[in-house]
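What follows is a pair of complexes built around chain A, which joins chain B in one and chain C in the other.
Up next is the complex of A and B:
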């Protein structure tokens, strides 16, 4: 009996470690696979030229990924600028000021937003946001736009990220003990001062972590962005112009244009770049969390 | 109605007669009732808190001691479900029906909770926090005040070389003294201490108790406890509560030696 228990203990331990090891190896396996598939491209162009060149002419064998990288970063940045303050303020209100009834109503709303398939956000973007950008935003700046633009992509992406970031921020702020807020209030802080000094300042690592995960999700989001961003290979600082993010490049072309030499390697390289950039985001946010935790 | 008239009367009396300020109660509670829905948490509370004394709110858990304390610095405002009525007079200002802004009312009361809650900043900034809220910007004055109050709570020698370390790096007993120093820095009239030693080891508890004995020379202390021995050691005035009501109040010697009610008698028997 005792032997059976020890044996079961060992077997279960082995399975747990194996499962964990598989999860840990996955990014490495995916990364290596993508790198090997993209490797033929490196014989033609250097890594730096692939990343920083803006010449995109696959039929001539020119693969410059900068427009796609810039497009991805720009759309992600815009979505972050829209979503970060909204989520922060909404999470603060929900956890610190609102009634319990409102929280009860908001939770299912957030869950529904999180559960909507991204194609629905894309359709909503085409029906509402694209015309909004074209008919209302562009005229304000005295210009014209088809509406299919970085701005439309940023807005749709921001709405998509709200439930993720908001849910995480609510979890983070709910961990603040009421005694801590009461301590600040009893020293003469106003409600807002207690929120600023205790809830926000005391939770920088959690806030950064929520934003980091939100950005990683935004950067890799494909379908909805692809439907509204215009998909034009061009580097432009104007948010009313179209862009072409990396995930859209892969989704639009994989399986379609593989007759062009090296095109499949180029798409694998795009996927490899996505992996590297998301890894870099993760490392930056880990560093920021570590730094704020130490303070 | 009757009791609110009593308050008005006594106010008139105090304004017409030249009286010794130290003999007057620093805080008076009249007809205080607190409801949470149908639950009557505090039931017709009437009490006087004498100045520069340790008043102990004694009673079993859940009898409303902490709620009463939270009414005194209006922390009950944070709980929408609580309905508070009556009068709480601090230096003749009824804080439940006043136009004075709430932060300045709260600054009259230093709060010490059941367990220490240092702010997520350094030791120095914890003590300086209240001063900054008061608008003090003079660095030298802040430094002076930080040192003074850390000395007052016996913490200065232990932390003077690591004032910029996070407050959370201190032991729990030190954190509680830091919270006391932080509260004293805003120059309160009253210290509200809600079972401040319940999370501490006996040595740290003793340090806090000794501090209270010293601090009562300059401050009025309202101490919530359910530890009978602590009440006996510290109390100058005792208020015994049960089920949201004040059952007995008075001098500790009289109250503990000669309890008038069955509730207090039973509590003393169990406590001993």
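Up next is the complex of A and C:
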């Protein structure tokens, strides 16, 4: 009886450790797998020319990823400009000013927004944002646009990232000790001043990390962006033109990648690049958040 | 001076309130648009039939193949994720309970893992598939999605387990139970609401994710019977039908979007209800 229990404990302990170790090693395994697949590419071109060259001609064996990286950066930046103020203000309102009732309503709202699949956002973008850009935004600037543009991608991405950033900001703001705020109020500050000087300034690293993680998420988002962004290989500064982000490149070309030599290596390199960039972002900013939480 | 301060406060409170309420409006707007657009083409045939010949030119049929494919993949992946995710979460909270630092480091890595985009998992699943010489199939899709949702499962379950008071854990050990018994008879029971939430959340993520199954699960008009057959998925069905130039087919994409949205809404609200219901009986 005793032996059986101990034996069971040993077996189960082994099971638990193995599963945890497997999950923790996942990024390493994924990274190595993708790197090995992409390795043949490094014999032909240097890392720098892969990343910063704009020559994209897979059939000739020329792989310059700059148009895609630039496209990704541009869409992400645009979405960040839209989300950042909205999230900050909404998080302040929810943690400092709002009634309990509103918070109770907002929790499921944020959950559902976060849980909607990206295809649904893509469908919504095609139905609403794309016509909006081509019919209303483009005429304002006196140009025409098909609507499938960097701007549309930025707006859709912004909506997708809101619940993600908002959740983290709320968590960060909730860690502010109420004594600090009360101290500010008792010195004669208005509530907004106490928010401005205590809540925002005191949580600066937390806010930056929430934004950083939001950017990382936006950078890797695939389907929704790909549906509205137009997918044209060209570097363009105009937000009303189409772009071609990195994840969309991978998703669009999986069908033909085995028929052109080195193409699969190139796409795996793109995935590897995405993994490295996003993992680095996550590790840095998660570290900041964990640090602020412990204080 | 005082007036300006008060004015500033008023301005920002109203602005931030507006932002908050606009989020509710945006959610309502998205769901409304999907439902209004998709309702016309939504019929029982959509849900109960697989695509017949000429479906992609406006012919008869439905998206049963995609619904079933998505369900199979999500269920399979959730089962695998439970198998490796549940013990991992319990391990963090039972065996490692004395090592605060290790716990935090592990949580930190898990959070970072959560951030890896699904397209990277998809690409990795594809390399794995080539490595083992498999074709795009239900099995490959299940494994890829399982990898994607395991960190989510662990972290969500762990979040609830970590709130269980130390005393309960110690009492169980003091009565002479092994750590395994503590884990499954005490911690698991106490954290059951969190477990259900974690399962439903991972399931929802698995059913809605498109980028990871794009490479690995393939696409087919039939409901898959074996693990080595390709499987259609609902998000991809929406995506492909939307790319068609024929209006009827595009209408059907919107209808499929309604189906997917309803599934996700049900899962998300169900998770809320269940976690409330089961946490009522917990010891505090």
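Just so it is clear, the second predicted complex is superposed on the first by the 253 of 295 C-alpha atoms of A that agree within 3 Å, B and C clash if a C-alpha of one lies under 4 Å from a C-alpha of the other, contacts with A are read in each partner's own complex, and residues count from 1 in each chain.
Everything below uses one rule, namely that contacts are C-beta pairs under 8 Å (C-beta built on N, C-alpha and C of every residue); 3 or more make two chains touch, one makes a residue touch a chain.
In this text the structure is predicted, and so the values were computed from the model without any measurement.
Contact with neither chain B nor chain C is seen for A:136 once the two complexes are overlaid on the shared chain. In the superposition on chain A, A:193 makes contact with both chain B and chain C. Of the two partner chains, neither chain B nor chain C is touched by A:52. Looking at the shared chain after the overlay, A:102 reaches chain C, while chain B stays out of its contact range. By the touch criterion defined above, A:177 reaches chain B but does not reach chain C. Once the two complexes are overlaid on the shared chain, A:202 sits against chain B while remaining clear of chain C.
Which of chain B and chain C touches more residues of chain A: that partner is C. By the touch criterion stated above, A:42 is placed in contact with neither chain B nor chain C. Comparing the two interfaces of chain A, the one with chain B and the one with chain C have residues 190, 193 in common. By the touch criterion stated above, chain B contacts chain A in their complex at residues 73, 75, 78, 80, 103-104, 106-107, 109-111, 113-115, 117, 119-121, 129-130, 133-134, 166, 179, 182-183, 186, 192. Note for the complex: chain A touches chain B at residues 99, 177-190, 193, 197-198, 201-202, 295.
Within the complex formed with chain A, the residues of chain C that make contact are 5-6, 8-9, 12-13, 15-17, 19-20, 22-24, 26-27, 29-30, 33-34, 37, 83-85, 87-88, 90-92, 95, 104, 106-113, 115-124, 126-128, 131, 147, 150-151, 154, 178-181, 183, 201, 204-205, 207-211, 214-215, 235, 238-239, 242, 253-254, 257, 260-261, 264-265, 267-269, 272.
Of all the residues in chain A, the ones that touch chain C in their complex are 5-6, 8-9, 12-13, 15-17, 19-20, 22-24, 26-27, 29-30, 33-34, 36-37, 85-86, 89-90, 92-94, 97-98, 102, 105-106, 108-113, 115-124, 126-128, 159, 162, 166, 190-193, 195, 213, 216-217, 219-223, 227, 247, 250-251, 254, 267-268, 271, 274-275, 278-279, 281-283, 286-287, 290, 294.
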